[in-house]
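One structure is given below, represented as structure tokens, and several questions about it will come after.
As written, the chains take the letters A, B, C, D and E, and residue 1 is the first residue of each chain.
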Amino acid sequence: MDFIIEGIQKAFQLIFSLDREIFSIVLLSLRVSLTAIVLSSLLGIPLGFLITIKKFFGKKLTIILMNTLLAFPTVVVGLMVYSLISRRGPLGVFGLLFTPTAMVIGQFILAIPIIIALTHSAIQGIDKRVEKTALTLGATKLQSAWAILKEARYAILEAITTAFGRVIAEVGAAMMLGGNIKGSTRIMTTAIALETSKGEFGFGIALGIILLFIALVINIFHHYFQSRRV
Amino acid sequence: MLKVKNLKKKYNNKTVLDIDYLGFQESKIYAIVGPNGSGKTTLLNILNLLVKPDKGQIFFRDQEIINNSNSKILEIRRKMTLVDQDPFLFQSTVYSNVAYGLKVRSLSSIVQQNRIKNALEMVGLPGFENRKVDQLSGGEAQRVVIARALVIEPEILFLDEPTASIDQKNIAKVEKIIAKIRRELRTTVIFTTHDLSQAYRLADEVISLLDGKMIKQVQENLLWGEIVKEEDGLKRFKTIGNVKFAIVSEKIGPAYVSIDPTDIILSYEPFQSSARNSFLGKIVKIIEQNNLVKLEIDIGIPLVVIITRESFQDMNFNLGSKVYLTFKASAVKLY
Amino acid sequence: YAEPIHLKLATTTSTENSGLLNILLPPFEDLFNIKVDVIAVGTGAAIKLGENGDVDIILTHDPDAEDKFVQNGKGVNRRDVMYNDFIVLGPSNDPAKIKGMKNVVSAFTNITNQQAFFVSRGDASGTDQKEKSLWQMANIKPGKEFYLEIGQGMGVALQTASEKQAYVLCDRGTFLAFKDKIELEVLCEGDSLLANPYSIIAVNPALYSQVKYMEAMQLIAWVTSIEGQKIIREYKKEGEILFHPVAIK
Amino acid sequence: MDFIIEGIQKAFQLIFSLDREIFSIVLLSLRVSLTAIVLSSLLGIPLGFLITIKKFFGKKLTIILMNTLLAFPTVVVGLMVYSLISRRGPLGVFGLLFTPTAMVIGQFILAIPIIIALTHSAIQGIDKRVEKTALTLGATKLQSAWAILKEARYAILEAITTAFGRVIAEVGAAMMLGGNIKGSTRIMTTAIALETSKGEFGFGIALGIILLFIALVINIFHHYFQSRRV
Amino acid sequence: MLKVKNLKKKYNNKTVLDIDYLGFQESKIYAIVGPNGSGKTTLLNILNLLVKPDKGQIFFRDQEIINNSNSKILEIRRKMTLVDQDPFLFQSTVYSNVAYGLKVRSLSSIVQQNRIKNALEMVGLPGFENRKVDQLSGGEAQRVVIARALVIEPEILFLDEPTASIDQKNIAKVEKIIAKIRRELRTTVIFTTHDLSQAYRLADEVISLLDGKMIKQVQENLLWGEIVKEEDGLKRFKTIGNVKFAIVSEKIGPAYVSIDPTDIILSYEPFQSSARNSFLGKIVKIIEQNNLVKLEIDIGIPLVVIITRESFQDMNFNLGSKVYLTFKASAVKLY
């Protein structure tokens, strides 16, 4: 209990002290996770759409696999990417390990099954008449896809929010691939893990609260933006 | 300008459409009539290139379409549009629904605004632009959908039961619109309806469907019943009210039959003839139709009979007149 | 058999990872019908768990923090159990030329002077505290761009150092476990400053009534017993001795 | 790269060796995560339903908060629950720390915002006429709720799958609250973390593959079950 | 058995329903007619206790309902059911759709099966049990929804445009069903329709709505036009085809008017009288209705006139007869 109270106090202190280190950690967290989310949405939403709309061999299997990948542990994602980009790995020459780019790759892999699976279920639920109506009115394939996505926008935005929550909160891949290097790849969650292992539980909670606060601000923006567009 | 050949469509191994030849000409109005499930909607979906037939060809201005490239199909589909029987409105405002077809064609927003304003006025919904679609009554929604199709100014307009839940005043409005766009824009209009009088009133040609096949005649006097073999060894068609017609038929069992309203002869006295069907009935409805008169005569079931104005006057028929109906067994057509 | 009593031991990840506990504890468990639940966390977290009475006993290697733990009355009956040694690892080309040096403080000075990369765990663990104290002795304040604080465990620190071809301070046990996976070699060892002492401390039963003090004392007795110390002395990894018992001379 | 190959080999070895320890770890993972999912579904689906259907003050805020909680880092959940159930915490007397129950609590807290938020977006997308039709045909409030849930079943099952993926793959809360005690609270992900910290990357990947394999089996069952019911 | 008092319902500050008193009796059939957006659907929703009115009371067997407990409302709602204008089918089979109302009432599965079989036969869809609902044609879907309501055997059945997209044969079937359940189960049926002849054919009482208000008369001769002040200083109602009626009115501008078909006097010669409206027209339609005869007379626009059988025979009217229509300015009712 006292850690929570301590955590809340510390969180306020940190926020109001405008600590430069905290600030840059927060910024990096956001940069990495938002990049990963933008990229995985750009790829995942069209894929989720195609999986739902198209008939193809192995469709059911693909959907099951996507749902399975929702259970991909972050550490394992971290390990797998690590073994590709480490000095001894096939992509070692690019020197990606322990850079924000590596973290983006890890989070991208974590986010994409979520985006695909939830986009699939979002579009699954859309009235079959949307596509027909759009075609009837002269829409191209692309325009009718857009019409369907627009009808599903609420659930798709929820998919993005869910994926964002997952990656901004994940620690395993970022730790493994970024290395939690102070001043260069330390992000909110790896900082929390560090403080926790030091026994600084209150400080960990404080950082967690700041993270949630940031998520809150983003969600408020997103909600505002969403309700304006409809 | 649009025709189909050897069209076949099956659902679940049941043939729902089977048409040898059907052609539509520019600037004409066609009505498609037929009972529920006879394939009207399926036919419109195929003509609008939304559903692929299992077999057959579709020609647009003598160009085969189905096996064409996607972009070609799109190009041709953009010359037509379909108003669905159970239409879907995008969850948004009336304006953006009506604007959709113009937006996908990238028309300038001034053109959009003008056309939308006109179309909404045409269907009797001026000022509805900003109404959310879930705040419309049933008939209002149906008219928004018609407006959405009109703004496109298509060369061919398909309407699937366009007036099913529209009130009489607005039915008149929609019917006037159909006549107007044919006249002014030379649009070909192909619509389905269950209102036969509407079909005849509006259309240059009425196409009758039954179980997916085109049938020659009108569907007035289309009756559902059973063909039975009587004790005298002859086959008769038995329908509601135990009315029985002599019929020429190979098969027995449930069936549709129709009797062409012009095949029935009326007289005050029964007359001995080769015609095997003769019934006494009472005139219950008289409707003038151009130079013809349509009578509804109650013989247990209502039968429609069409005669000329002259013979109507000569015979001095009137409401309540008792008359004999005579027609041959071969006039009872079986499907 | 009666249901064994569960005794909760918080210890550092390195102890658990060395594999020693898997040899040291089973004979004790059989003998006393006590099951030891090992909770492997960072040193700081292990001490915190002890402070909160969530474990019964701790086995750590951070003398300063342990002193404070006992002074604050949270822990009682601290016993030194064993020590192993730290070593300085680095890339084989050894840019700072510290290979074979005995004096770790001057080795550290060389590393800074050569502006070679150095990976620090930066997680306030025992190893981290030791490293900090060495910098202090060398009178150097690291924290430039060549000094990477990663805030993670020893294994990752080795991995990082290998990737960056940097120097790193490491305990011998972890090095042996990672030897094949990294491209680093031992460059500096043997300084008495590099000793890494482990202590075992029971949580004060006066503060938390439910703490299993008797069983904790039994465990302390076991690891500091002749048999216990023998097991420690004879535990080898990759043919090398890892820990040197100190409880019984 | 070599870790991945090593991992795949080890995964097969482990599966076919029928290692008893692995077996009990897998079983505990499943027990904990499935319990957490069942409990959070039982609470979260009705809550998500009510939030969507009811009009109440602060509705928008509630939805935004749920979306925010999607970003709850597992370590922070672990820390917070820890400070409640630690000996010194208000619930200390129950001695829950380092038990499977504690892990269930942690995962429950992680799962519930996902279930609520995705149930909300699932039901949001359902035709408004479902409720009216059910009421018209004489359904009670509860029966009409059931009819709505049934129409949304696909997306709600996806919500459960997503939440299941999240908790079976999470490590922070389980580590903090379970303690990764061998033979009593060690689950797949904490075992993976342990092996990784030991540098046994191949073994970590092997365990990860087994975890994904289990998720696959569950998803196949679930898919089969779902397509049979429809 | 069901009545409403002082009912008011607003949407977006626009009153869409405003009814002082309306009562329905057991075992009677009521038709509600009125143009699109006149409030028909809203009224049915309120009567079925699905939408709360802003003001007013609803009584079921003299018991006030609205402010009752939820369980009481449920109990009463279970005695009625509504077939929607744009009906929704659960994504499943026809069978489980039709079974729904029985399942929520926990009826035994044998009862369920029997009733469902009967109901599907009644609406002309025997054997459709296992059909997926998205494989139905429009009219088939509409009939499934009617069957789903029938199995409940409600005391009051609300039908919102039940025959809008049903073919003629099946319209007859549905109409027979309505008559049958009233007769055999003493069900009260309240339906809306745009087909006035259907309303009169089926209903014991026809309720006309216009802009949310009940209007006394029939909506035959309901006309939309404009009240203008002519040069002679008198007000006239001008409608399509430039037909003008003398009217008694305070206001000017666009308006609905109606003329009661029984208020119009027919004669072969024009006669000088106080009645200010007199037009020459031609009879274009004659329909017998019980003891009355309904005539449609074309005076530029079609007007309906109802006279007795006797006067029809005395006057010796017939199709094409040229007649004078005379009615007072006050017979032109303004809304």
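Criterion: a residue touches a chain if its C-beta (ideal position, glycine included) is under 8 Å from a C-beta of that chain, and two chains touch if they have at least 3 such contacts.
All figures in this text were calculated on a predicted structure; none of them were measured in a lab.
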Path length in steps (a step moves to a chain that is touched) from chain A to chain E: 2
So, comparing C-alpha centroids, which chain is the farthest one from chain E? C
Which chains, taken as a pair, are joined by the highest number of C-beta contacts? A-D
With chain centres taken as the means of their Cα atoms, state the distance from chain C to chain E in Å. 89
Whole-angstrom distance, CA centroid of chain A to CA centroid of chain D, is 17
So what's the Cα centroid distance for chain B and chain E, whole Å? 24
Return the distance between the CA-based centres of chain C and chain D, expressed in whole Å. 35
Hey, what residues on chain D touch two or more of the other chains? 88, 127, 196, 201
So which bits of chain B are touching at least two other chains? 86
In chain C, which residues are in touch with two or more of the other chains? 153, 156
Can you work out from the touch definition every pair of chains that touches here? A-B, A-C, A-D, B-E, C-D, D-E
The chain D residues in contact with chain E across the complex are 127, 129-130, 132-141, 143, 147, 150-151, 230
Under the definition above, what is the set of chain C residues touching chain A in their complex? 41-48, 122-125, 148-153, 156, 160, 162-164, 183
Spell out the part of chain D that touches chain C in their complex, as residue ranges. 86-88, 95, 97-98, 179-184, 194, 196-199, 201
Applying the document's contact rule, which stretches of chain B touch chain E when the two form their complex? 11-12, 34-38, 40-41, 85-86, 135, 137-141, 143, 160-161, 164-171, 194, 196, 219, 222, 224, 284-288, 293, 309, 312-313, 318-320
Sort out for me which residues of chain E touch chain D in the complex. 48, 50, 70, 74, 77-78, 81-82, 84, 86-88, 90-92, 100-101, 104-105, 148-149, 152
